[in-house]
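Letters A, B, C, D, E and F name the chains as they come in the text, with residue numbers starting at 1 for each one.
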Amino acid sequence: VKLRILYIGDGPDKWFARWLEGWKEPDTVIETCGFGSNARQVEHAFKEHLAADAVIRHSVAAERDGFDAVVIGCFFDPGLCEARELVRIPVVGVCEASLHVAATLSAGKFSVLVPRRKSIPRMSENARSYGLGSKIASWRILGLTMSGMIDRERTQCAILREARIAVEQDLAETVCLGCTAMAGQAKDVQEALGVPVLDPVLVGLKVAESRGTLWKRFGISHSKIGGYETPPSDEFMPVLEQASSPAPATKKIGQLIRRIKP
Amino acid sequence: VKLRILYIGDGPDKWFARWLEGWKEPDTVIETCGFGSNARQVEHAFKEHLAADAVIRHSVAAERDGFDAVVIGCFFDPGLCEARELVRIPVVGVCEASLHVAATLSAGKFSVLVPRRKSIPRMSENARSYGLGSKIASWRILGLTMSGMIDRERTQCAILREARIAVEQDLAETVCLGCTAMAGQAKDVQEALGVPVLDPVLVGLKVAESRGTLWKRFGISHSKIGGYETPPSDEFMPVLEQASSPAPATKKIGQLIRRIKP
Amino acid sequence: VKLRILYIGDGPDKWFARWLEGWKEPDTVIETCGFGSNARQVEHAFKEHLAADAVIRHSVAAERDGFDAVVIGCFFDPGLCEARELVRIPVVGVCEASLHVAATLSAGKFSVLVPRRKSIPRMSENARSYGLGSKIASWRILGLTMSGMIDRERTQCAILREARIAVEQDLAETVCLGCTAMAGQAKDVQEALGVPVLDPVLVGLKVAESRGTLWKRFGISHSKIGGYETPPSDEFMPVLEQASSPAPATKKIGQLIRRIKP
Amino acid sequence: VKLRILYIGDGPDKWFARWLEGWKEPDTVIETCGFGSNARQVEHAFKEHLAADAVIRHSVAAERDGFDAVVIGCFFDPGLCEARELVRIPVVGVCEASLHVAATLSAGKFSVLVPRRKSIPRMSENARSYGLGSKIASWRILGLTMSGMIDRERTQCAILREARIAVEQDLAETVCLGCTAMAGQAKDVQEALGVPVLDPVLVGLKVAESRGTLWKRFGISHSKIGGYETPPSDEFMPVLEQASSPAPATKKIGQLIRRIKP
Amino acid sequence: VKLRILYIGDGPDKWFARWLEGWKEPDTVIETCGFGSNARQVEHAFKEHLAADAVIRHSVAAERDGFDAVVIGCFFDPGLCEARELVRIPVVGVCEASLHVAATLSAGKFSVLVPRRKSIPRMSENARSYGLGSKIASWRILGLTMSGMIDRERTQCAILREARIAVEQDLAETVCLGCTAMAGQAKDVQEALGVPVLDPVLVGLKVAESRGTLWKRFGISHSKIGGYETPPSDEFMPVLEQASSPAPATKKIGQLIRRIKP
Amino acid sequence: VKLRILYIGDGPDKWFARWLEGWKEPDTVIETCGFGSNARQVEHAFKEHLAADAVIRHSVAAERDGFDAVVIGCFFDPGLCEARELVRIPVVGVCEASLHVAATLSAGKFSVLVPRRKSIPRMSENARSYGLGSKIASWRILGLTMSGMIDRERTQCAILREARIAVEQDLAETVCLGCTAMAGQAKDVQEALGVPVLDPVLVGLKVAESRGTLWKRFGISHSKIGGYETPPSDEFMPVLEQASSPAPATKKIGQLIRRIKP
């Protein structure tokens, strides 16, 4: 099926958009927009809050603009619940997607590599609320800041070192890269260690294509009874519009999205 | 000790501020401010997001203004993690406080009454992440909207009905009112049923007084190593200020806080 | 990508192969084979054992024949672990796939409908070992035997009845049909109840297409270190061949597979 | 509020009573009594049993004498359940109190330091039955006997060493001192490590003041329906009296309590 | 092997000793003693505390007198941990024994019938600490007091009624009678319902014979490193003796034990 | 009671049958048969599948031949569920039996020693489904293949080394040998370390004697309602017979069983 997918998030690299282009299926059109300048490099709950704000606004606009799925490109999955509440189209968090895939690739458990210990409480709460807490062998720490990860070689070394310990000592059978700033670095580690190493951006995208298909062809998306129940639109639309003045929200996204030639 | 406590949240009633006044200890000064007009009656994650925004801004301002503790007056505990990240003074979520107290009042389990089923997934995630998921006998649903709870008599009936079922069928030993809009309604139910019934506003306030004391006299507040690590202030202060222009954030709070005669 | 997928399992209906044809993506070629006459209508562990035997043999042959993924078409996921141990291509169990998808569609929990109570202990063990035990709202029983489910109208009634109770009383936000004999019956129930209702055959197929792509384009399949480690081929190949004499295993499959015009 | 609190337990030091005096709020009157000579230095379940005996008798007498709350000054919380069963006034176990406070100070997990490994099974059972098992990062062992802890300098060294490992390796965000014989040693470690370090005696006392207030002003104490249901008084009063003859139980307590000038 | 087993507990009936005699293996010699007049009909933690006292004293004496195993004849397993701490011979709690056997008889879960709701929090804590919390389908309440259970016909009716609901509604596959006062009533219910119904006295006895054999022939009993580490005997022997003066503890037991003709 | 027990499994040694003879009770007659040549040295799920096949056939034949219990002599417990489904006599898995016994010997947790990491995911799934996951301190790896364990001295060294680490670092209070190829090696390690060390063959046998007695004298065996419900015999008997042609299944066992002089 022809799918239009919006990737919300900031790539670790100027070639990031090109990677997405290379990873998608031929029939997929992928567009991207960032979390906004205040929310780049989400490490703290405060920035996660700002990123959630962007996710909320972009998801609502994406649905209006006819997108078939949205990917939240941050391993905290900021705004995942809020966005699912406001739209019907599938919203995929790269962490949620990666953990579910990792679980099915492992007879036993898998490990997640994170830049710093700061992230672990929040992320392991998420893992538990996704239902997958019991599948985590370990959270391993690279000891790198978000900006430190710009040095890709040093990051690669740290990933390789911690992934190896995860596999050998913690008995992880699969390794998840736990930050989109590590995008593009999974393949070499997978080859070096001989276990699946998941790039959250790649996995998020492929899961979004699958969910976009389930939605477009079979009408299956997240439930609208219970936790994702949509609030009355006269409650949230004015708020969304008020904040994004003078330009309406949909326009704003139009501006933010850097179009990639499909 | 003399304590200054900021209660962030909207009372169910014009007499709400008076109740707080009656419930606090003599040496406590309590001031209140709301979540802002967009975030009143938090039922959806979207509004929770807006309420978190208010909690973040007010908590930061409260610390600057010399408050000793902050109470988040919504049973979703919106912004609890974000606020603890940004300030050193104790931040008390009424849900977190109530669940911990309820756990120590019950040899077995306790139940929580919520207005609608919408809230249960989010709140039970919170309960689990507070570590207390295994102590919950049941989440029982009143079948009332937020605005429906303005009718206090009808609300009282629903509370009594569901609390009784919780005690008799679900074997709850304590009952928590799971929404600040039910404030002021616990006492009669407690007398009718003969089990502790917790008013989240009352419990939140008393726990805040206790934590304010631990902080002011003994320097004990939430940990700053790990999940509540503070981001660099040059990252979050500009954002806070930019959003609240033209008036600086602290001023803005000054305006929002309706002072109660201490 | 062009994918060749082997669906192992028996359809509830003569039109079953046609449904698969209608559900797959245009580039997918799907072929099917059954569990063998002894293992039809898997209800007991004994039959599950026989079905696992078929899964083992067909999976090994499928990998040799160049298939890109295998789907195990029984909600017990018989032979899932054994097959993953013996092959590198993705092996998808319809139960595992459905539970993971259901988890991401639900803010809270989801329910599974099973024909009889007999299946619940085994299936809930599986759910727990997939890591998803905490996401299950309830296992609901249709009160139908495997052969009773041939009456599709009566089955539809039972599904609708139990699904409604799951949603209203157990607070399920998504419903899984817990037996491939219910294939083709999800759509109407989804429309009637307004929550996602998952057909395990459909979900198994779509997940297999996604995993086939991850494998064929990105080399990602289940881990071969740990629980899915492959035994020395001189240990298992003779056994596989010995049992399937006179015709070699790969031939045998060639005979069993009813080719569907791609 | 004016509160009378009974602290049952033996201090690690002759200045212990003075510390309690310094830690309480101005309006609190605190009195203390020990577990009896047989039950000093509770390390084994057998001594815990003897200590529970003292807790039962003293709690019943304390309620009669008009106390507003009781603190059990041993990290095994001996007799916590039994005492709550027999009285209506709040009974606070220092372990239960400390674990609940530690949980709210930590975004992630916290560690408990214990003298020897002997205590871990019993205490971790308690932690789990309080509902907080999932919040424990580690139980770390000082390698000291109860009598060894009289050497406060050596104890301080051991605490500092293990607390540091807890924070750095086990990712604890808060540290609990897991024995009242470590009372008075938290503050320096807290300053050295920069995370909250909880003194169980201090936390037990402050929680008792808070619960005493909830009880005295708002009638909230542990539930009397379910696990803490009171037995018929004609069953337990004769037993209590018989054991403490010739002097009645209340007198006996009067003798045991060393009054601290309020 | 020839085994001498001490059953500590009070039978529901004057024929109780005769049942034990009928249930034991030919080579077993069984002797019994009660919990003492104060601790008969253990329903409350207070009585459990008194019963534990008897268990401690009798177990120590039993080891000295050459018994090969001890059975604690109360479904609260009072003093189980304390007794294991003080002796090397196997100590069997009827609840612990019954839950472990029930777990191995059930592919899914089992239910426990208790006289009143009072017992559930304590017993389910025990079940969880034995590691078996996840195997419990339900705790069902007979609605009978301890003394009410003297009417065996009425008790039988209540057992049958609740056991049937456990099997049909809660999907229990095995039923445990959760009080030794129901001894002798399992067999008829087992025949009526067609599922295993466990008599805690019978199961406790048979497990004690098995453990006695493991101990006497193979030297296997509970671990003495960790939680059951024995305290220094100069700490506990004087206490035991002091309490039982003027006659030494072993004598006292000698008096208490009603010998059954072997 | 006189018991006839069938031990299905391959001993690590030519003296194996003699050990069994020495370990059983005088009244027990024990006979043995192997898993068949294809399924010797079960390390992989594929072989476990073959072993299950043998267990199914031998258990059914054993029941017909008048055996009172069956022991599955492989720590994966292959075919445990399938065999219980098909027969009424007790079927004991050596892993299930050992874990339950280990749990009751430990106040805290116990460890299991396995030859290689390959086994851990499957076995820990089993442990969790037996309900005992929370009692496991660690799975420790000997680093030996199945055939490597033929060197008993080297195996003994590895057992001693890992058992010691389990006790000292992982705080295990009991150690389980997690493979029947380690049979006969527990006793020396138990003496060296001073904690119970369980031989799975010995424990499996003694538990089978206990269960055989419960069954023969009291009619208690696994439940036949729920997960172990027997399939209609006209479904499984033809399959069993067909596979074992030309000789019928019961004959076949008669041939396989090497009789040990009772």
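The rule we apply is simple: a contact is a pair of C-beta atoms (placed from the backbone, for glycine too) under 8 Å apart; a residue touches a chain by one contact, two chains touch by 3 or more.
This structure is a prediction, so every number in the text was calculated from the model and none was measured.
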Selected pair, greater C-beta contact count between A-B and B-E: A-B
Selected from A-D, C-E or E-F, interface repeating A-C by over half of its contact pairs: E-F
Centre-to-centre distance between subunit D and subunit B (centres being mean Cα positions), rounded to whole Å: 28
Geometric centre distance via CA averages, subunit F-subunit D, whole Å: 46
Geometric centre distance via CA averages, subunit D-subunit C, whole Å: 54
Residue numbers of subunit F (touch at least two other chains): 81, 106-108, 117, 120-122, 171, 173, 226-227
Residue ranges of subunit E touching subunit F (in the complex, touch as defined): 1, 23, 25, 81, 84, 96-97, 100-101, 103-108, 130-135, 167, 171, 173-174, 187, 190, 194-196, 198, 202-203, 206-207, 209-211, 213-214, 218-228
Partner subunit D, residues of subunit A touching it in the complex: 117, 120-122, 124
Partner subunit B, residues of subunit A touching it in the complex: 38, 43-50, 52-53, 56, 79, 81-82, 85-86, 117-118, 120-122, 125, 128-129, 226-227, 229-231, 235-236, 239, 242
Touching residues on subunit F, where the partner in the complex is subunit D: 106-109, 171, 173
